[in-house]
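Scrolling down, you'll hit the structures one after another.
Two complexes come next, and they have one chain in common, chain A, joined by chain B in the first and chain C in the second.
Right, the complex of A and B next:
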């Protein structure tokens, strides 16, 4: 069950906004920025909308979209098919399991939980890249990517805070 | 706002966590079961890039404009020095063109004397880099030229002053470039002064290394590196970079072009050499 149960139209618009945000972040990653360090890291800013989605939306349609977006990311970023689908699903699974804990939680608690879940997802990222023959793992770059993702949370989470303000999400500031 | 107490009635295995777990397991199975180099997957990747290209271009537009303005500002501050440098460069280039024309005439004479076959002519197709797919795992770019412009898989890709990669898949209007720094890039080269042949291999870092060097090969720091044309995929003599040595004494190639700043590339349309027939080899 969703915690957005009172207005189905709003549910759909929330899902679409999150899906669009993830899609744009996936595409924006491929914009030629001309910076070497940005190309050697995998900063997962798209985990921010996934985190929001996991907290507010029903599993079925959200997961279908996440699997589709994960496949798209695998296709465009040339990783083996299933790599980003797996990470999106792992992150979503971890985030949905924290729904009840994060209900009306303070922002600092939400951020800390996001940090912990992102760290666990990047552990999975590192382990899979160690095991898969087509991927080359780097502990340092994976750690830096995880830290950059966690640090970027407050900025990229702002639109979602505004989006959820009416419904009392992140209720305690 | 719905009450979380209603969640107690849900069956745990069918909630978000359970379904996500099943999806994750299926994804893990796909990850290790599907071959990454399957032609259908490569084709699908190319098709998805062709489809996403307009979106990537729209999203990149503000970034490109900011970059243009920043370039313009930095150029403005060094305009006078740049002008002076270009004048000197122009003078040196005129001299170099005269030398090249003289060398070309001499080469033509030597070729005739030795009855050597003429190297095939190469055409160039220019393209703009529209997407950067580089990540910790792969080093590829997408350019906005494809089969409509006559591009085919395997063709060499040059930056402003040297080789930067080769085409690994070509769509109707886009093509994917595997950079020379990618782990899967292996290009036969010659170090010009010492005439040493080697394979330049990417290692997912800034500079490609030199592998398969002859045992007694002596390379000099700063000596020019060009493509050897071995294998027939790339023409002979494309400039690549210069030989350099790292702290451990291993040779690598310092590329002529800064791959991070590539905005435009040139595809070399060299015809692939036909394989010799077995009968011809026997004779």
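Right, the complex of A and C next:
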């Protein structure tokens, strides 16, 4: 039995761990690192726990938490209210739709899927930025942010891989 | 069998549940720990350090900008400005506030029409500075360019237009050595004046000596700034206190006349009011333009000035040291008269040379002056008479009289950098060369040469004391009340002073005088004075036999120095003058005419001179 085998206790634990991870990553994103590029980029590491959550938890409470966390992100990033809510939800929906495909998939497939979904989400990010006057649209910065997010997936996914206790499923190389 | 398989499944399920629960607890615990650390840090920053960070935040939001007080003007005795402030428009940049430096610089290049070289220079200057430091990228902009940049400011984050002041100088060449100039603040300035808010500080002359008075007190402006450091609004402003004006005793027009009269020559002209010590004119040539320094002089021009043969940066009036030559003969004469060693009617026979020991000393008049008395010797500047006189009285009395007239020491002028000169004597020579004084040195000192050195200002002060009948007046450059004048009576016999006075009158106004050709051509005004010609090379016996080479045929550095000291009007003297021309030739031919022309301008244009001259009794009372 894997983590994908549902039971209520597991669901709550998984949800809480993911929510807490997203919260911490949102807070960490605003840590003053003194680097200009890190400040202006929007590296979406929080998409990693959202991706994990989407694969194991498709019940509506997850969306409620994501809306709340998206609002928090909007507040801390001083973006228009709803911007990150939209992106979190879009990403979660896209990831949820791939659950069947990713079931028992190899890690390389999972990573590639994460990459594609992240790419689509950042396309949305760029399009909304183009349309909204309060947002600064930069194709370069958006692209770099997306690539950085995709590259960082294996590292930030490690705790969730460990939690899933399904090394065979993730570890197939 | 089925039961066993079922049991195995349940056991495996329990193991996985246990494993998941353990991992969830560990991961959740780690996350909570991380969250706790963040909360703890938040508590520390928000509550424990609240006050400190509030202050820092306020300082980050509020920029304190100094309001530089307008620097005081420097004006001449009649209120004509010599140094004042002019508006200057400049641009500065703070790198850390610029999101895209190359794009910003390209935009500035487009707006200001910079060349690619200029752009590269500016970029290098910016990159050399720390990111947080402001770099001046353009100065002395025209209004048009300044306005263009201001229009583009929304697209030039980090660029700050600045409205400032720069120092400008009137009659720059004429007053450069007195007024000095301002320049960028240096470490030496910070050590002397503290950490000033101003970027420029007086570097030389009055600008330096009266820096504290001229600078005034800076004010403070509190500005609210946004995250980019751009000013949003002014919160408050406390105006500073403008620097005080400094009024000099100089007459700017007279200064300009003297400068023009000196022309390309190297030398100085000093004019002093003999009653108050006011320096009316103090010119040193060649000069320089202090405006060049105020706006930043280039290295090439600076090197040229430093290495120039005629030393334009040197204020020759107070820093140039010259043998006074025959202008020193009055001191020798007074030393002899005061000591009662000679009778003024006593005559000496001048045959053109004088033998002492194995040496032969020559008079400037090859054929000699014949039998000549003291007044005649002074008027005709007979060297032989003074060789003889010097030996009669000895070096000690000459040294003592020279010191009484202020030679060999600073005059006390309120301008820094004054040289002391040298009045040689036995002790001086022992200390300097560790040898005894020789008689031949007394002989040569009798005509103001040898080791003797004086500044043109010292010669003027000495002449003023002669004009004042033996009262030494401290010279001053800062205008002040008459009560502040410092006078020292030298305690000289009036009869002796009268002899000198008569001799100096004859030197300029009678045909036998060396400066007769330079006598004043103003009705009822006469100038008294004494010429001096100082040899700067040794003339060999062979050269004397074949004919001494004329100054004009010599290299500039080998020509004689030309000097003249004098005062006017002869009756009730008001102004003393000294003219020293380095390697100028004869004092009578070169220095005296310049003195005459300067004095003519002074007497014809100076309001004080136009007023009724005071009587002798008045002078006595003033003195």
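Keep in mind that, in the parts below, the second predicted complex is superposed on the first by the 159 of 173 C-alpha atoms of A that agree within 3 Å, B and C clash if a C-alpha of one lies under 4 Å from a C-alpha of the other, contacts with A are read in each partner's own complex, and residues count from 1 in each chain.
By our rule, a contact is a pair of C-beta atoms (placed from the backbone, for glycine too) under 8 Å apart; a residue touches a chain by one contact, two chains touch by 3 or more.
Here the structure is a predicted model, which means the values were calculated and not measured.
A.B. asks: After the match on chain A, would you call chain B and chain C a fit or a clash?
C.D. replies: clash
A.B. asks: First (chain B), second (chain C), both or neither: which does A:16 touch?
C.D. replies: The second partner, chain C, only.
A.B. asks: For A:134 in the superposed arrangement: first (chain B), second (chain C), both or neither?
C.D. replies: first
A.B. asks: Counting residues of chain A in contact, which comes out ahead: chain B or chain C?
C.D. replies: Counted on chain A, the partner with more touching residues turns out to be B.
A.B. asks: Look at A:77 in the shared chain and tell me whether it touches chain B only, chain C only, both, or neither; answer first, second, both or neither.
C.D. replies: first
A.B. asks: Once the shared chain is lined up, is A:27 touching chain B (first), chain C (second), both, or neither of them?
C.D. replies: Both partners, chain B and chain C.
A.B. asks: Considering only the touch criterion stated at the top, classify A:162 as touching first (chain B), second (chain C), both, or neither.
C.D. replies: second
A.B. asks: Which region of chain B runs into chain C, 3-11, 21-29, 39-47 or 219-227, after the two models are superposed?
C.D. replies: Only 219-227 shows clashing C-alpha atoms.
A.B. asks: Can you give me the overlap between the chain B contact set and the chain C contact set on chain A?
C.D. replies: The overlap between the chain B and chain C interfaces on chain A comprises residues 1, 3, 24, 27.
A.B. asks: Hey, which residues of chain A end up touching chain C in the complex?
C.D. replies: Of all residues in chain A, those touching chain C are 1, 3, 9-10, 13-14, 16-17, 20-21, 23-24, 27, 159, 162-163, 165.
A.B. asks: In the complex formed with chain B, which residues of chain A make contact?
C.D. replies: Going through chain A, the ones touching chain B are 1-6, 24, 27-28, 30-36, 39-42, 54, 58-60, 62-63, 66-67, 70, 72, 75-83, 85-86, 89-90, 92-93, 96-97, 99-100, 103, 128-129, 131-132, 134-136, 138, 141-142, 145, 167-168.
A.B. asks: Please name which positions on chain B make contact with chain A in the complex.
C.D. replies: Those residues of chain B that touch chain A are 1-2, 4, 6-7, 10, 15-17, 19-21, 23-24, 27-32, 34, 36, 41, 44-45, 48-49, 52, 55-56, 59-60, 63, 67, 129-142, 183, 204, 206, 260-263.
A.B. asks: Report the residues of chain C in contact with chain A in the complex, numbered from low to high.
C.D. replies: 12-13, 16, 19-21, 23-24, 27-28, 31-32, 34-35, 38
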